Amino acid sequence: QDQTRIALVVKSLGNGFFDAAAKGAEEAAAELGDVELIYTGPTAATAEAQIEVVNSLIAQQVDAIAISANDPDALVPALQRAMERGIKVISWDSGVAPEGRQLHLNPSDVNLIGETIIKLAADYLPEGGDVAILSAASTATNQNAWIEAAKAVIPEKFPNINLVATVYGDDDSVKSTEEARGLIAAYPDLKAIIAPTTVGVVAAAQVVTDQNLIGQINVTGLALPSEFKQFIDNGASQAVALWNPIDLGYSAVFLAKALVDGEEAAPGATFSIGKVGEVTLDDTNSAAMAAPFQFDASNIEEFSKIY
Amino acid sequence: MTRLFRNREIWLALAIIAVIVLVTWRFSRFSQPSNLLTILNDTSILMMLALGQMVVILTRSIDLSMASNLALTGMIVAMVNAAFPMIPIPFLIAGCIIVGGALGAFNGILVWKLDIPPIVVTLGTLTIFRGLVFVISGGAWVNAAQMSPDFIQLQRGSLIGLPILTWFAIVVAALFFVLMTRTPMGRSFYAIGVNPTASVYTGINVGRTKFLAFVISGAVSGLCGYLWISRYVIASVEVASGYELTIIAACVIGGVSIAGGIGTVAGALLGALFLGVVNNALPVIGVSPFWQMAISGAAILIAVVLNARGETRKGRIILKKAEVAA
Amino acid sequence: MTDTTSTVRRLPDRLDNPFRSALLSWESLLVLVAIGIFVANSIASPYFLNAWSLSDMTFNFTEKALIALAMALVIITGEIDLSVASIIALASTLMGLVLNAFGAPTPVLVLVGILTGLACGAFNGFLVTVLKLPSIVVTIGTMSLFRGIAFIILGDQSFGGYPRDFAWFGQGYVFWVISFELVLFLVAAVIFYVLLHRTNFGRRVFAIGNNATAAQFSGVRVDRIKFVLFCLTGLMSGIAAVLLTARLGSTRPSIAQGFELDVITMVVLGGVSILGGAGSIIGVVLAALIIGLVTFGLGLLNVPGIVMSIFTGTLLIVVIALPILWRMWKEKRA
Amino acid sequence: MTDPILTLSGISKSFPGVRALNDVSLELYAGEVTALIGENGAGKSTLVKTMTGIYQPDDGEILVRGQAISLPTAISASQAGITAIHQETVLFDELSVAENIYLGHAPRTRFGLIDWKTMRREAQLTLDSMAAGIDAAMPLKELGIAKKHLVAVARALSVDAQVVIMDEPTAALSQKEIEELYVLVDLLKQDGKAILFISHKFDEIYRIADRYTVFRDGEMVGKGFIKDTPQNEIVKLMVGRSVDQIFPARKASIGETVLEVSGLSHPTEFEDVSFSVRKGEILGFYGLVGAGRSEVMQAVFGMTKPSGGAMVLEGKTIAPLSPADAVEAGIVYVPEERGKQGVITGEPIFKNVSLPSLGKTSRSGFLLMAEEFRLARTYTERLDLRASSLSQNVSTLSGGNQQKVVIAKWLATLPRVIILDEPTKGIDIGSKAAVHEFMGELVAQGLSVIMVSSELPEVLGMSDRIVVMREGLVVDILDNENLQPETLVRLAAGIAAEQAA
């Protein structure tokens, strides 16, 4: 067949972040010309559901799979089978263990993200204080990596920040809301909630707004500007950060296409990712796309129109 | 007095108070009125859903589709609000009740006219309704930014010191109380649960009564669809996914017999409140979130064992001696 | 009976023609449905008719179908087990635990998985038969409890690093495209068929489902049989846990979330009466196949899983409703 | 001669496979009791249900005072002035007595809500007028079975009706309550109500009925005035042949003791129950309904757990923990509630019969259907079971034939002791004689039979010895020789004790 069929598999459909990524992927497909994009994923963010999706992609003999995984290990056997059948496999956003993919595209550098999320809170806490993390699923690879990195950076760079708890909202708005309430109830001196997930950050900001704690508790983390604008506006949050998911989807398609076209994924290799620039693989065949971008009152209006 | 203590609602209320006292003992802030009111508010939606489910369970049926109904109605109302923000909220609420009721009526018709077991019907509509959420929304979420301020703020307002959401629960509970104790329809739910064949002899149309029970549970789900979406300000496919079991758990803890015919409004409310208090207490006393699930599972089992103890039918007693002792 | 000896009437074994009733049975309806979907799939997707595709398809349902075999028996007795998916989670977690803590070899892992399932099933069975609690409530409770324990053990961690020979249970092929999972399922299906339809045990299972009180008055050890069935469901869940863990190569506490409803859908679609007393293993096997065909076929068209669930939900209701509508229509005409 | 209040004519009703009623007619007259008589399955209850809006007749018309009416629901029947005490209990355990009486026609307040106060008051009035001694506010589940039946009667009387139907109202009542019911029927008669009375007991039919109508196999085969018709004529109409009401002579030779029960106790139901039964003996258990006889039998059968006592079967101490243990030991029990405890409705005859004997009809746990059919045929044919085939569903059999299936099931296990709990309750006269005949055969074969019965003639006619129970205690054990019925009644009702005191 003449068209290159690339499947963009996301953690779950309907998530604004991934919809934005899909938009970028479409752009890339249009730019490359001979690419047919299949945008798919489960509705509930589970590994089993993703495996079924991968199985059907294998049966359809697509040329490449670019996946943001719900579990780094559970998908390995299925993806290995895909590779055995000649399908190119890359992971992006949330990675798969190295043996289950040919390369991984990090949205940004793990350590950089870890530092950024703490810095977002610390910047508005000159005298320091208690902060807590509201994460996504306890199994989410990328969130866990960022939290590890954040914990590592606290003692030396932010000694007066006291991380009191890490809780998990499973990227479910209800669970996230409950966990945020729990944090506020359990830690009366809490000064900031850091939610490195677009679902959790909205839930936490809504709770802070509902409980009239604006000004006392600052919500921060990783947020989609379009979903989060109102909370910057009402002061529940001072600033959040995120990379550009459109660029992420765009880059993933470029990388997948490059592999299909015969480029080798090996440590040190450099790939062009169209208008975004280029990336270089490290010794685990991972690459980082760009530094996270910070949104605050000064620029949220503008970006909320884009994604 | 002994009769009072045979009453399972009393025991449940005592259990709830015990949990509150225990937690307060370590964290005095827990029993502050404001926190207790917050818990009540947090539990309001579950209370209403439990009441709807109770009516269905009383008739020896079960409605597994309530959470999906809630998600579907919620998505519809969110999309309508996003598209036509000028429609007044009371109209939207009425619309939710009608849509939810219609979805419930679909379950009810299958149970009534085709005589398919309710668990099968609602197992099917559980997946169908949720699938429809995806179909109508195309998988996209409706988020806070797209909803009108009124839509979000209505339930957050307060009236005589209580949030509007709590008032919704209070009004719904009062309506259910009148329905279940003072109307022929309410009594017929009990009757067909206790003895369906005998109900026919008293002129009750068993199928139609079940149908009505499903319409009621559907209407409640619909109402809660709006309340849920405006509370958590996000409408997505996964809204309240798996919540049907929590609703049933609340009923069971509240002493609603899964075999039908037994259950009270107070019981269902307390059952929901019990889950609300426990869920609220865990993070406060610093129990790792990973313990939460196991603890609520154990709570359900303990409640069921205790309820069953109370329910061991003290059939009739023949021996005079034993009668005196009892 | 003084004068009856002369007028003893001979009772025939049966009046209806067994061949004719087999033709009109639920199973034949399911066979038609299955063939219909198979043909539709072949037309809709060029990738469907391919040995490897069909083999991959079986992975989508074999673990659930294994549990459905045992669940069918539980439902025939009028009980239900909603905790099966949580049993998988707990069994998988404990397998991971013994692997990571003691480096246990594959046979020990398999044993731990199976024994955990059995123990969980026995716990359910105890609550249902000894404490006389309704099974639907008990298993809603243990559903949270079992998975909750997995969460306590694992927290945000995962267990991985399962040995290669262990992975074979979930990924290995016995012959060409015939996977170990499929073979195991077929063998189990035959065993369950014999157990339910050809043994005294099965006959008693049906009797309990039809009228547990009368069965007990007839000397059937109702509680013992129910207890065994809950253990059996636990056991099958344990086996499914071994397969699923081996297939995924890792354990998270959220493993197998939502399986219970899929399993019950298979059982009900297979013609097992949710009210107890009726059902067949052949029906359950066909229903598993139908659900596999539907989901895989729609997957090939990249239909999202949630939309597939509309199809399975509708299929469930329509397949149950059709015979009823048919009967009503016939009655109206008569 | 007045015109009838209610006239049924040309009524037909079919169920899938059964023609329950075929062109039957019936007239009910004000101030008179009409007895409806027929064998089990003759269609009596079906007719009642068509008259009360529960079933719709396929054909025919119902006239009230000459006006043709249709009764689409149970409520329309009570509005038309027809009320009934149904054969099945129309009662709700979890509801209060008052609500049981008024469910479906409860008094309302101005706002259309149920008026609990009025309801309770009216219910209490009705109950008191019957001298029932029941508190209307009580939950029904706390009443004994006989009192429950009185509630059912009160329910029927709470409707202001011209036609009162009673479908076997005395089946679950003891002698004292039966007498009170007769008084009630007389009062209704004086009020000018038309009463339809269904019963299998001829003594009571002759006592209270004015007219009779006889059904056989869904057809009306005769009617007339009771006082002009001798009993054997009605019986002949009913069964199509003449039947002796003579109990078979007991000719079995009584041997050594087979089962010895001593000091059997239960925390709430019975205490210190001791008796023994010998080979070839029929041991009768007499008592008022609710005396605890069934509970004792179920304890012997391993169904309920006794709190104390011992049982010795043929020299071996046994302690059955479940019916399965009892069956293995050789004790079997034909329960009182046939539909709930006796037959497995929904399964065919042969599966019902073979269920306790599966061990014998199978090879190493695997079913052998041919063996099952053989076993089932042997025993059902011995009992002259009326069925179309062994694969017929037992739920489609009449009550008497269901009872035969239960007995066949137990005979196939070759028991030592067979306990029959109310073996002829609700069974028509023809089948009754067959059951009695058969009990005679059982003892002749060397079995021991324990027969629980509330019917005096049956107890006196069949038993070798009689155990009388009252309120969970054994009052006396009597040899059945020249026993006066009065003795038994006095013992069972505790009158003797009072006189002595």
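Should a chain be cited, it is by its letter among A, B, C and D, assigned in written order, with residues numbered from 1 in that chain.
By definition in this document, a residue touches a chain if its C-beta (ideal position, glycine included) is under 8 Å from a C-beta of that chain, and two chains touch if they have at least 3 such contacts.
Keep in mind that this is a model prediction, so the values were computed, not measured.
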{"item": "Chain D and chain A - chains in contact with each", "value": "B, C"}
{"item": "Between the pairs B-C and A-B, the one where more C-beta pairs touch", "value": "B-C"}
{"item": "Chain whose mean Cα position lies farthest from chain A", "value": "D"}
{"item": "Mean-CA-position distance for chain C and chain B (Å)", "value": "30"}
{"item": "Whole-Å gap separating chain A and chain C, where each centre is the average of the chain's CA atoms", "value": "37"}
{"item": "Centroid spacing, where centroids are CA-atom means, of chain C and chain D in whole angstrom", "value": "43"}
{"item": "Multi-chain contact sites of chain A, meaning residues that touch two or more partners", "value": "13, 43-44, 138, 168"}
{"item": "Per-residue multi-chain contacts in chain D, two or more chains", "value": "none"}
{"item": "Numbers and ranges of chain C residues touching at least 2 other chains", "value": "155-156, 253, 258, 304, 306"}
{"item": "Interchain contacts, given as pairs of chains that touch", "value": "A-B, A-C, B-C, B-D, C-D"}
{"item": "Parts of chain B lying in touch with chain C, wherever the complex brings them together", "value": "62, 110, 114-117, 119-121, 123-128, 130-135, 139, 237, 242, 245, 248-249, 252, 258-259, 288, 290-298, 300-301, 304-305, 308"}
{"item": "Residue ranges of chain D touching chain B (in the complex, touch as defined)", "value": "52-54, 73-75, 78, 86, 88-95, 99, 103-106, 112-114, 116, 141-144, 266-271, 290-292, 295, 471-473"}
{"item": "Chain D - residues contacting chain C, complex", "value": "303, 322-324, 326-328, 333, 335, 340-347, 349-352, 355-356, 358-359, 362, 365-367, 373, 377, 380-381, 383-392, 409, 413, 434, 437-438, 441"}
{"item": "In the complex with chain D, residue positions of chain C that touch it", "value": "1-2, 4, 7-16, 194, 198-204, 206-207, 210-211, 213-221, 277-278"}
{"item": "Of all residues in chain B, those that touch chain D in their complex", "value": "178, 181-184, 187, 190-191, 193-195, 197-198, 200-205, 261-262, 313, 315-323, 326"}
